[in-house]
Structure formats: C-alpha cells, structure tokens
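Here chain A shows up in two complexes: once beside chain B, once beside chain C.
== the complex of A and B ==
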C-alpha cells in the first residue's frame, strides 16, 4: 500500500474541478491537474462528408433532418478561426447549465486527457457552495448512468480550497472569473447560510480593461488573426497584415479571443494599489510596458491601479467587505477561528497586490480582539487550482475511501441520496 | 566502529562488515598461495643480501608499481542482490463501508491480506435515540413536533453533533427557523430525559438563557468600534496609574510607621540588647500573634547602619570595623560625610577601641536622623496636599492644622540634629 505512512491511500481516483474560466482535470494524489481546459465549447455545423452512409441510413429520418454538429474543445482547437463556429459556455452562476456541452467536455477529458475508461476510476467533483439540489442530482445521475463510474463524490470547492491550504476550518475567499465569494468552512463543511458573493471577478476586470483600451483607441486584434507584424516604436501606429480568411469569424469567437488578449494585458500590467486609489501615489509607481498582438506598444502608468480599483472600491461588493459580512453572519463562537485562517484562492486573486490590499481592508474590519491571519499560497498553480489540489488531497486520503457514494449505493437508493452523502 | 563497541561494551558482531560483503567480491576468493619451498640462505651469503632477494612473503621485492588495474577507479556497487518485491494493483474492501464496494490500490502481494487499515478511524458519535412510545410518553414538548425532532436527530447524526452546521442545514421550508441554542436545548433535554429513563444518576442540563446571554455579550465585545477600544485602553491605563499612586502612598505611610516605632524602641531598650533579641524572635516565626512586633523589630534593624560583627578568625585591622558596609548607599554616605564636616570631625579618626564604637554609633544615628527628616518632609507634603484637597472639595473653607502637627524643621536645623539624637537616646557625640 503506497503512501500509508502519511495516511494516504491512492485508489486511482479522478478529480474534476469545473469553473467559469476552465475545467481542471487530473488524477488524485498528483500536485497539479493533468489539464486545464477552457470552459467554452466551440460548436460548428459539421459539413464534412459522411464516410459511412450506412450508419446514417440506420438512424432514419432523425439525423437527416437534424444538422450534425461538430464540437471544438481545448485551447488549440478553440484558438483557430473556423467558419461559423460559435463559442458557448456551459457554466452559469458557478453551476453547470448546459449539460450536453458539459458531457462533451467530460468525454473529451476521458478520451484525450485521462486516456482511460470511466468505469475504472472513482471520480470526485467540486461544486460551488450554492449549487442547487437538482443540479447535484443531475450530475450524479450522469456520472453513474452515462459514465458508469464505480464511485462518485461531490464537495464544495471552498472546502477543498481550505484543505489545500491545510485547514479544516477557514474563511475561504475565492476570487474567480465571474465572481468573488466569501465562504465560511467549519470542520470541512460549508456554512451555506453565511456565504456571501459579489459579481466582481476576473471577467469584470477584463471588461473594464477592454473598455479602457478601446476608449484610448488601441487595436485589440487577437494574435490568431495576424499573419505578420513589424516592430514599431512606442505609441506608433502598428504595422501588421491580417490573415486572409475566406469567411468572417463569428462574434462570439471574436469576443472570446479579444477577452484572451485583454487577459494577457490584465495579467502583466494591472496592479492593485495597497491603499485606496490615489492618482498622485499611483503616478509615483514605475510604468509598465505592454505589447499587444498587433505590435503596438505603450507604457501604462496610473491606469494600472485605477483599473484594479474596480475590484475594491464598491462599498458593498469589495472582497474585504464580503469577507467581514460573511464572518459576521456566522455564530460568534467560531468567528475567532475564521478570522485566524482566511484562505485566499482563485485565479483572480493573482492580480498583483490583491492579497495585500485584501488583508489591509479586512484588518480594518476585524474586531479588535481577534487575530487575523491570511493564508495565500505563494505559487500561481496552488492559487489557481486551489480547489483541485484540495480535491486531489482529499480523494487520496485513506480515511476518505469510506465516504464515496458507490455505484451499488446509487442503484439501491437513487440519486436523491447525494444530498445526504455529500453535505 | 570497533572502538565504539569496546567503549559501549557491546559484543563484537559475529560477521565483520567489509567492502566485499557490501559490494560483492568481484573475483573469486583468492586461493591461498601454494606453500612455497622455504629458501635456505646459502652458506657465506650475508643475511641482509639474502633479505633483499627473499622477503617475508617469499616474493621478490617490487621493482615498479604492479597494481595498474583498478587503482582509484570506483568499483560499481551491485545493490539489490535480492529479487525486488512486487507491487500489484489489487482490490480491497473497506469494512467502514456498509455496501462492501470494491476499490483497487497498489499493494504488495507478499503482505498478509488484513483489514483495511483506515477502517479503524471510522468513529461515530453516539446520538441519542428513542422509540415512538418513548417519545409519546416523555418527550412531547410544545413547539416541537415529532417530525421536527426526528429531523433534528437525523441532522445530529449526519453532522456528528456539530450544532452550528445543524442549524445551518436545518430544513427551514418544513419547519420554523431554529437557532443553535434552540436546537442544543431540545437535544440536551431529550438526552436528559432518556438518561433519566435509563436510570443514570448524573443528568446534565443545558442553560439556554446563560448561553444566549454569553453569546450576546461576546457579540457586543466583537462589535466594538475602534474608538471604543481605544477609550477602554485609555481608561485601563488611567486605572493603573491611580493604583500605582495609591501603592506609593501606602508605602510611605508604612515607612513612617517604621521610623516612629523605631524611635520608640530605641528610647526604651539599650541598643546592644535589641540587636540580639529580634534575631531570636525572627527565628521563631510560628507565632502569628507576634507578627506585628517582629515587623517593628525588623524595622529597627534596617534603619541606621548595621555594622557587621568582626568575628573572623585571624588577624584584622581595627580600622576595618569603621568601614561603612557595602549596603549603605552613596547618598547616605555623602550625607554622613557632610554632617561630619559640619561637626568638624575627622572622616577617618584613629581607630582605638572606644573611638571605633562611638564613631560607628554616631554614623548610625546620623543615617537615622536623615531618614526621619525625609519622612517628616513627606508627611509635611502629604499634610499640605490633603489640606489643598480639602479646600478644593469644600471651597471657601480653610483647614487649620493644629500647630503641634506642623514641623519646626528650621529649628532642628539650627540645633544641628542634636535634639533628635537626644530623643533617640544614643550616647552623646564622642570627642575626638
């Protein structure tokens, strides 16, 4: 039995951590996911001629009337412009919305990433803390009925992020793509009534950055459409030639690609100032140069801080405020424990200066007699894949192996018991 | 290693660990050299010349290095002489599971198949249970239906009595919202009733009101604003200051008490006698009624200067007896010096037997005088400040201090402390 020494027992489980930005997939007991797949699926009509007309005949009139669709998943397929390929996200509000597309993602994961068959691997899924009962049951049903997994488990991603940081009780601040949430976790259970979330996440920051960049007239043509470019001086008009495409890329594809372009800008340029934004202080910081895919270059100064301020300057929606509100909704007896381990996770928390500002905001709201301790993993991988890493740890612990909801249990008691098995 | 073994008096290992036993001998064991015929020294040949030809091992002495083979080259270690034990992807069942699902993990087939090692950690909290009849008979309470109680007990089992989570996951659609305290109250009441039914002696009760009050207070404590916290800290600091001042005052009055009692004592008893009595008294602390007096005796000893008795064996200079002990502070010794100069006395008189004794007593009295004077001035100050306080509290009225309480310090100074010495009753200043 491997790893017995540390209380681990690996049983070949898989961990899936779906998010708005990406789906993280990998084996439990590994320290990083095998793959991070963007959480959008490209759908285009399948116009390749059918190789086997016999199969088509068997289907009868159903397939002849319905157009066949082709699905494009993962970065390399998505980033190529294709005629009338529309991009769809299967997530909504932290939950899985479009089950058909999601199944395509799972198919792809098993086929290309895991490269093994689903019936051999127990599977652990993460979910958002406000997931609905019917969605949990639906996911359970799909995994058991369609993929025939031997065992299944569903854990709230906040609890997993707390585990990844070595805590069972924590106030988890998860700043992701679409929202930032503060979730109290007690002994590995989420206190659902005290979850506070705000719609200020990475996407909002990207939207604001895009508005700003378009306002100052920067060409945001994505790299995928550029055939060649020349080196130009700072702030000079970019000289580049576009790829010659026989078709017009769809709007959704363009929007997605521009978002990626702006995301690059956001990751390398934007910074959160340590104290509330002040033009004069921000002007004192060194400027950062950024080159866009068109070859255009510019130095960015105070804008860097002004943009990031949207994440904090809302009185009611700033990360510090929602954390304090969430802790305030919990029982007084556990508040000291929550404040003494505030776990920061999520890809958006990697915006430069985010953790410093948050800890400043939060300490001004912490009751005087309590000790505040922020736990923010240093590595980008640990921060972005916090929930996945937690799932990887959990699914490979020896004492956890009794918790799985097995196929047998599913067949006996049905999908409804997921609520009891996975609190 | 052998040395260590010798020191530790351990037995020598039966088999010596050598390079060969680890690495494995790369050659077959050397055959013992065939017994060579012992060469006999020919007649007439010198012994030294013969030794050059035939040394002890009966080999010709080397003319050039012959060990050219491996030299310093490292020999490859041949580890893992045994066959490796195998790992296998094997199925197992977990007795902590009720459904007997089969999982797979890596294990050595050579290991004995035993119970899943993590199953023993499957600990469950004992949650109280009841039957329908028991509920109908004993557990019916207004405001709690049977269904709700069942739901509560089920939650208790699911969350192992984590009441905060039970309150969080409470089914508020079917039942009214309950606070943590409500749930705890109900649960512990049921526990109490059930254990009474079982005939247990000790019944624990849960005080809801106390819990609610405690949490309310805790909440208030946490909800304080920064200003309130600062104000509290400021007040605490002030309180500390006041207490320190009070202590200081108490200490001063105690000092005064000391000096008064000392003065009284010295008038009554001759000095030499009381030096010895208190020691005996002190040595007998089992009499609490005497505490006060011993305290006073102690005071007598500490005031003034206590010259050590020279009872050392061997010879010593008499002038040593006049040396001030080390515990006399600089301030005091300066004061003594000044007084001696005022009186026109020598700082170091000739140490005859008599002069020694008198000089020491004189200086001791001087110190006492200084202490009494300083105590007097503090009293004076205290008196004045009390008068000011009194006048501040009762404006328009003046406190007349009886003249016997007012000091005549100026008068004392003129006489040069002579009167006080008289009061103390020590021998008059020695003539030098």
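== the complex of A and C ==
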C-alpha cells in the first residue's frame, strides 16, 4: 500500500450517501451504488446461549447475563419477522441522529458490501445542506478514529446534484422520503441561509395513502405474513391464509412492513395532476388497477390525484412555494441564473407527473421577465442516486485526491479541520 | 468546492491575449486531467460573426469552456467585456458535466474573472442573449 494514497486511478475510494430512506454505498468511478440499504436497523435481544469460561466473577456487580443485542440490517434480514425485533431509524431531519446504529450500518457495509477493510479506502460522504457543525465533526472523528480511513471528504448533496447536471449555479429541489427542500447553489457553494425545507415528502404521502386505504377498509397485511392466497374477482373480499407464527411480531416491524406495502401502492398508482386538483378533470383520466399482497384488487381513479395533491396545494409548504421562497431569499442578481437552472432530484420526485406540475407551479410564481428551465433527469438512477453518482465521479477525479482531508491532517489538526477543508 | 484540475499555461496565455485584444476568443477543454486550449479565434471579423463561428464548433455531447471578448452597446455606449462561459449541454455525459462544472470555479479564479455564465442548450447560444447575461452580471 505504499505510495497508494495519491496515486492514479487505482484509488478504490468509496462513496457513502446517507438518506432517510436508504444508505447508498459503492465504489467511486462506478455508475450506480453497489447497494441501497434501507435506513432502518432491527434490534433484538440476543438470547443465544453463551459459553462462559470457568472463571468466577469476583465483583458482584458484574453480570454475566447482561443483555447483548443483535442487529439486523438490510432487506433480507428486515423482512423476516423475528420475536422482539424492534425497528429503529438512525436518521432524523436529514442528519445522522443515532450514532451507534449508524456505526452498525457502516460495519455492515464494509463487511458485506465492500468486503474490505476500512483503512485501505478513502471515503467520501454526502451530507444535507443544513448539517450541523457538531455532527460533521463527530462523523469525521468516527471515521478516522474507529475506521482509520486514510482520507475523508464531506460534500453537500445539493452541490453534487447541481454538478452532475453540468451546472455550478442551480436551484436544487430535492424531494425525498422525509422532506422536500429547495437549496440554491452558487458557483458550487450552497447558500445556507436561503435553504427552505418542508416536511412534505414521500413518507407523508405514504401516511395519507395509508389513511385513505384503511378508511376504505382495505386489508393491508404485508406479503411476509401471507402463507397463500387465492385469485378473487375485482373488489371481492380477499381469500388468504396467514402464516402461523409462534410469536407476535412487534408493532414497529408491522408498521414498517405495512409502510412498504403502501409504498408499493404509492409508486404504481399515485399520480400528480398537471393543474390544481379538480374532481371532474381527474375523473376523466383512466383508472389504474392495483393488487395488494392479500390478493385484493381494485381500480383507483380520482383518489390517486387527490392524494398526490398534498405535496403541492399547501400554501406555505407546497413544493412550488418553497422553491419560489428560496429563490426570493437570494440576491436579486442571481435569481435569473437560479430560475434558468432548476434541478429536480430525490426519490419522491419520481411520482408520476411531479416534474410537470412543479414546472407549472414555479412558472406561475416566476416574475414575468425571467426564463424558467427545469432539469429533471428521466431515469430512476439519476434521481434516486443523483448525489451518489455525483460523489462517485468527484471522488474518482485524479486531482481531487489532493483536496481530501488525510489521516495525517486529522492527527495534526483534529476534527475541526473538516470545516476548513470541506466548506 | 473545486475539483483540483490544473489549468495549463497555454490556457492562461490565451486568456492574456484575449484580455489584451490580441484574440477574440478561445475554446478550452479538459483533456488528460488538465484544462487546455482547443481552438483560438482572432478578431479579424466582427464580434458577432466570430461568435457564430465559435458556436458552430461546439459539440452537442461534450462540455467546453468558452473564453470570449464580447462587444455590445448599452445605453448607446460601446462596451467590451471578457467573459467565461461554461458550455454543458444536457446531452453530455454525467462525468463530463460533473468535471466541467466543478472545475469552472478554479478557472474563473485563475483568470481573475467575476462570473461564469452557464449555457446548457443550443437555444441559449444566441449572441444577444449571451450579451444580456454578461452585461447583467458584470461588476
């Protein structure tokens, strides 16, 4: 490994893009992340019998029966019901909240996805534009102290999305799982005091969809709990047999699985109407049929437009409004540049009709003389993994290597150095 | 946040020449991890016609930097401004766009210019439109 650090293309840098929905992990230079791990960790008490050595504990306080925990990460482990397994999310408000669980995710990534030791690979992390200084420093500390990475860098995901679309100045609209945000980027730097956030994201949409489905009385039993089902006619009561489990699955697990079921419904059925919701116009659109894991099938018509409307019609938090507010908070001289480069990214923006509606809402709010141009990549990869792909390319640029914060710099200057190296 | 790609001396010389009215403009590109000169344009013909010529040399799938001395009249006074533009068509590859966009800042600083105009589609290449952008964001 001598002289490997700032060599040419055999760097083997890694790119981690943590989000609320999932953690994207992979190698730099590649087109897509190696893995997209759901951002929840299953925690269950570890009750495997331990083989104790014959030594007796002298101190009465030491307990040899202290509960140990087992952690379950990634889809295959999460979707199987286990006794007493509670699901926790380690993200909050776009930032990492629970560091212990996050470390488990990183351990899993190195172990199973990258399949290599952390000390051999420089690593690039993406962060949200409003990330707190304390959290950045904590992440730096963990990566250097625990994982002993040779080099580290932090980039704002909005800047990555702008660059990946060939722009150094853009208004990045990121619609993700927990929130939708409008972030102006000027010459590669995020204008932090003009960032506008709204909690209306994919999760809110799923919540509303779930309420509606339960209100209609649709059974949302997840696929993992169904042993077998029969084919039934449209709108007929479903006939299925539930799996017999010797235990009751935890509430958090049930909630997560039902959320996945509703998410499936959301992704295939929900559509945003081009103009503000009107019952009659919506009724004119063809209906879409959806089959639930229980075997129940139904057509959905105007409801699917009505549901999506929540993302746009809110006066203060609608997507069009926050975009206009954010641009309004910037200097009047750069607004034309921002409006002519509106970049749409984020998994939730893939809802059908989202980009057209946002384009329309924004143009009605743009001052007359300004030209509006929205860039919305067509593929799912570019929108869901936009920040990851940007990070992958950046980390693979040969000359970029000299901008990383190295282990040596960390040892000399400490974790505060990150603020100077990664503005 | 820059990418660290170095700018060749040749590119800097081209900038000096454009500044001193020796040349009208130049097309720069990233090659072998360096920003080099692709083509130079002299000032034998008018500002507008040389611009048309320059635009015809731009490829629709590759990103470039355009260094140009724009001549325009504003409030009936003739003005001239050297400006840098980033040509990053939406049809170019993500890697190309990423590299060019992240290196634009360094290039701008090296040349001591205040703004980089972004041009992302052929329709935005009209001379009068660009001149308007350049004129507005000048300081």
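Here is the rule we go by: the second predicted complex is superposed on the first by the 399 of 423 C-alpha atoms of A that agree within 3 Å, B and C clash if a C-alpha of one lies under 4 Å from a C-alpha of the other, contacts with A are read in each partner's own complex, and residues count from 1 in each chain.
What we mean here is this: a residue touches a chain if its C-beta (ideal position, glycine included) is under 8 Å from a C-beta of that chain, and two chains touch if they have at least 3 such contacts.
Bear in mind the structure is a predicted one, so any value in this text is a computation, not a measurement.
Visitor: Examine A:369 and indicate which partner it touches, taking first as chain B and second as chain C; both and neither are also allowed.
Guide: first
Visitor: So in the superposed three-chain picture, is A:409 touching just chain B, just chain C, both, or none of them (first/second/both/neither)?
Guide: After superposing on A, A:409 lies in contact with chain B but is clear of chain C.
Visitor: Output check: A:40 vs chain B and chain C. Expected answer is one of first, second, both, neither. What do you get?
Guide: Neither partner.
Visitor: First (chain B), second (chain C), both or neither: which does A:192 touch?
Guide: A:192 sits against chain B, while chain C stays out of touch.
Visitor: Which partner does A:333 contact after superposing on A: first (chain B), second (chain C), both, neither?
Guide: both
Visitor: On the A-aligned overlay, A:394 touches which partner chain: chain B = first, chain C = second, or both, or neither?
Guide: A:394 contacts chain C only, not chain B.
Visitor: Where does A:218 make contact in the superposed view: on chain B (first), on chain C (second), on both, or on neither?
Guide: A:218: touches no partner chain.
Visitor: Using the superposition on chain A described above, determine whether A:323 touches chain B (first), chain C (second), both, or neither.
Guide: neither
Visitor: Classify the contacts of A:166 with the two partner chains as first (chain B alone), second (chain C alone), both, or neither.
Guide: second
Visitor: Could you give the residue numbers on chain A that contact chain B in one complex and chain C in the other?
Guide: Common to the two interfaces on chain A: residues 187, 189, 333, 398-399, 401-402, 423.
Visitor: Under the stated contact criterion, what part of chain A meets chain B in this complex?
Guide: So the residues of chain A touching chain B come out as 1-2, 4, 7, 9-12, 122, 150-151, 186-187, 189, 191-194, 330-335, 367-370, 398-399, 401-402, 404, 406-409, 412, 420, 423.
Visitor: Along chain C, where are the residues that touch chain A in the complex?
Guide: Interface residues on the chain C side: 1-6, 33, 63, 86, 88-90, 92, 94-102, 104-105, 108, 116, 118, 120, 133, 136-137.
Visitor: What does chain B use to touch chain A in their complex?
Guide: Going through chain B, the ones touching chain A are 87, 94, 96-97, 99-101, 103-108, 111, 116-119, 121-122, 158-159, 162, 164-165, 167-169, 180, 215, 218-219, 221-224, 226, 229.
Visitor: Taking the complex as given, what residues does chain A use to touch chain C?
Guide: 155, 159, 162-169, 187-189, 333, 336-337, 340-341, 373, 375, 382, 389-390, 393-394, 397-403, 422-423
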